[in-house]
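The structure that follows is given in the form of structure tokens.
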């Protein structure tokens, strides 16, 4: 008997939970965990159900479609590791953490390949017997470089792309191939600092907390729907290089937390925000 | 149209959510928020539903009883401030925070009275026009003192007793008058320290984190079901008195968080643990 | 025998600690705690020393001036509560916390008066027998209103002004009367939100952490040197009003922490950052 | 010009800072950072100074000995990676984090070898070209097993032993070979749980926070001087296995923080507590 995850989101109306759980009940499925949320501002309904039993998937989905609004989004899957391609540049901290977690299966994750625009991280990746592709941007236009990256990535048909400190901006065209399926991590500060070397700016401002935000990538750079955020306290005695080192630790933790949530199908995206059933 | 909170807990079985939401749907009630949890270890089901509509409370509860296991616990209430009596001794930090929150209605709370075994806090309490009762323990046995406290408390028929740094141990007999309705706050450490002056012991051990636990009182002193816990970092430079001062700040915050949760009917107790729908 | 606090900051040069502690040693003063920091980026030296003994203050300061760079800033004081005037508007959460702490002397603080541009908080303030002054801004230009506030404030000759949710912007002229002596608290987010109702923006963006920053006021609104920052986790289920309520709790805590540090003379300001000897 | 770290601890007396900095000043050494602390309870003085310059180490130490109490402990070293042997069993989470940090030199650490009582982690360790020694305990008495471990360890003359989830208790005799040079990590809870499977106990108690403590090993198992502690929030929805997984993440972070501090010579031990100059 498999475990299934059912995800539904649609405009809210009376009786949704009753109707949905009715379908599961009549198919004699056994609900293990159920989370719903109605965003009253947008009037939108979100539901995630884990159940077990003998499930004829197509029949259940059809039965649900029959009783739910036309605009509903339904997914019904068994629990399986998500197929992921990582994009990286030179920094190892997020990548190495994910390679270790992949090796020991402590995220619901199957890393298919790493694509990087520098060769720096090849020895690390190859230690873990993961294919490493160098796609240098040198001498290429952005369009050409993205096409080259895409040709490697698409060969793997990943569920998700994870930007493990990939230091290049992805075009809207590239993103449109993986809507809500590209996840990025970047440093965050209170207040925010715009421009070059934000850690130096944070140092000069004497910030007392630095953080990291993991988010889905959208057309607005670093401003897609937030999945997780994390912070650590710092003080005046840290140089900006030490702030950056502390920032790397918090980045790797925030990214791992976000991927755990996304890869367990706990995250919904609606407009520019996420609903996360932890 | 009022807002109602329905709380149900019972042994788990197939179809519970479907059946319960069916009752609400057929009474044309509008579910605003729904939380369920099944503790798979104990096989127990917990559900909290906020709904609005024209509700004939008795009819709805009867309909629910008709379809749920005999051992079910059901409560259905409108959202109303909880009536509370506070017990205190000499320390003001939790009491003053609650008096302010009561005055500005930022907890779902109506403080009816404060009972203390010392007179120290009378001026503070009376500033806020709350009745203050001194029930000194001097010259009394514990049985006599508790009887005197009880006679004051029971006059108010409170929903909850809150021990806002009440430094006396309540007997099992006293507790049995308010099962799962007495809430306490106490300091917590990693590791735990047993015996007199735990802050001094924490100082001598050089702990780096101190905390506080808000919990329901049960027969095992300071070991009832945990509602909230909170911590703050400390370091070697703090004297034990400074550790204690830091501890007071974290106690008042943890207690306020716990009361917010309990007084919004978000906390279930089963055996020695809580289920908290935040 | 009193306890003294000596604060020195000046451009760094070799031997400063040796020279300074030499003066204390030769006056037979007993160092209880010593903190120094050299900001290597700016080449600036900061030192805070607590000592006890029979101290002829003028002689000690003169001896220090004789051996330190001309541009040195020296202060030598006994430990005394700071005289403070609070400015407020309508929100009580920071003000009430400070009134309680003042009443129980758990900050090194003596609140002389509260000045507000609305009458809302008068009953609260008067409970604690602190003078409350309404200086309404209605019908006044900013210059006229600030002059009226100033005439009340200056009558008290406070060491510090604390803006306990004072919702008006202070002009550069007003600020110049209290350089580095005005402390403000405001909400903070990752990322930052500019414009009206930042909590609503934070809600729409689905932020997972909200925070507060206590800082000295300077000519750049909300961008003066940061003293403390604090955060709390939130999630998608909070309305923006609930985010704002959570924000108020973190504001009151961050402000109290900042005032503890400043009023114990632990905070230095240099350029746009602080050095904080916790 | 090298950077040096001078560490001094001795009974407190007047003028220590002045005398010590005098020696540095007269040798024309340039103090970069200075931290002192006097534990007033024990009357003990701790000082850590970073300085640069042309340092004749023996001369400086002799000059310091000449002016300091007989019982002083002085160490003067250049900044060099600490030579470390890791002891492990089967769990990878702390070990892999340290192997990565070692490979990228982001702790002041040089891992010489890993010794384990199971062969599970060999492939991981050998990926990083670190010698791996299996010293099985099967069929050996504890004395025999420890002797076998010791013979491997001592061949490397490490500065520190780090127990990266080494699941065996070290005898007092073994410990005495590495006084204050063995560092351990273990889970921590509020409240503490004694006995088998503490995560299961924490689950049954419904704890809301779990943590980890990194500490020096002493004769009292898991009760040596604490270096760092860290916590994460959890809730009722986690199984005990999920609590344990969350615990592993906090263990690896707390251990890395502790090692950073110890390996930068920022940690003093006195009696059963540490003084940590962060």
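Note that the chains are named A, B, C and D in the order they appear, and that numbering of residues resets to 1 at the start of each chain.
As a convention for this text, contacts are C-beta pairs under 8 Å (C-beta built on N, C-alpha and C of every residue); 3 or more make two chains touch, one makes a residue touch a chain.
Remember, predicted model here, so these are calculated numbers, not experimental data.
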### Summary
More contacting C-beta pairs: C-D or B-D? The answer is B-D
### Query
Of the pairs given as A-B, B-D or B-C, which one copies A-C, with over half of its contacts the same by residue number?
B-D
#### Entry: Chain centre separation (chain C, chain D; CA means) in Å
37
### Query
In angstrom, rounded to a whole number, how far apart do the mean CA points of chain B and chain D lie?
40
### Query
Where does chain B touch two or more other chains at once, residue-wise?
33, 37, 40, 235, 237, 278
### List of chain B residues in touch with chain D within their complex
37, 39-41, 188-192, 203-209, 211, 213, 222-223, 225-231, 235-237, 239, 271-276, 278
#### Entry: Interfacial residue positions of chain B with respect to chain C in the complex
33, 92-93, 96-97, 100, 103-104, 106, 124, 127-128, 235, 237, 245, 248-249, 253, 256, 278
### Message
Give the list of chain C residues in touch with chain D in this complex.
### Response
14-15, 17-18, 21-22, 24-25, 28, 30-38, 40, 233
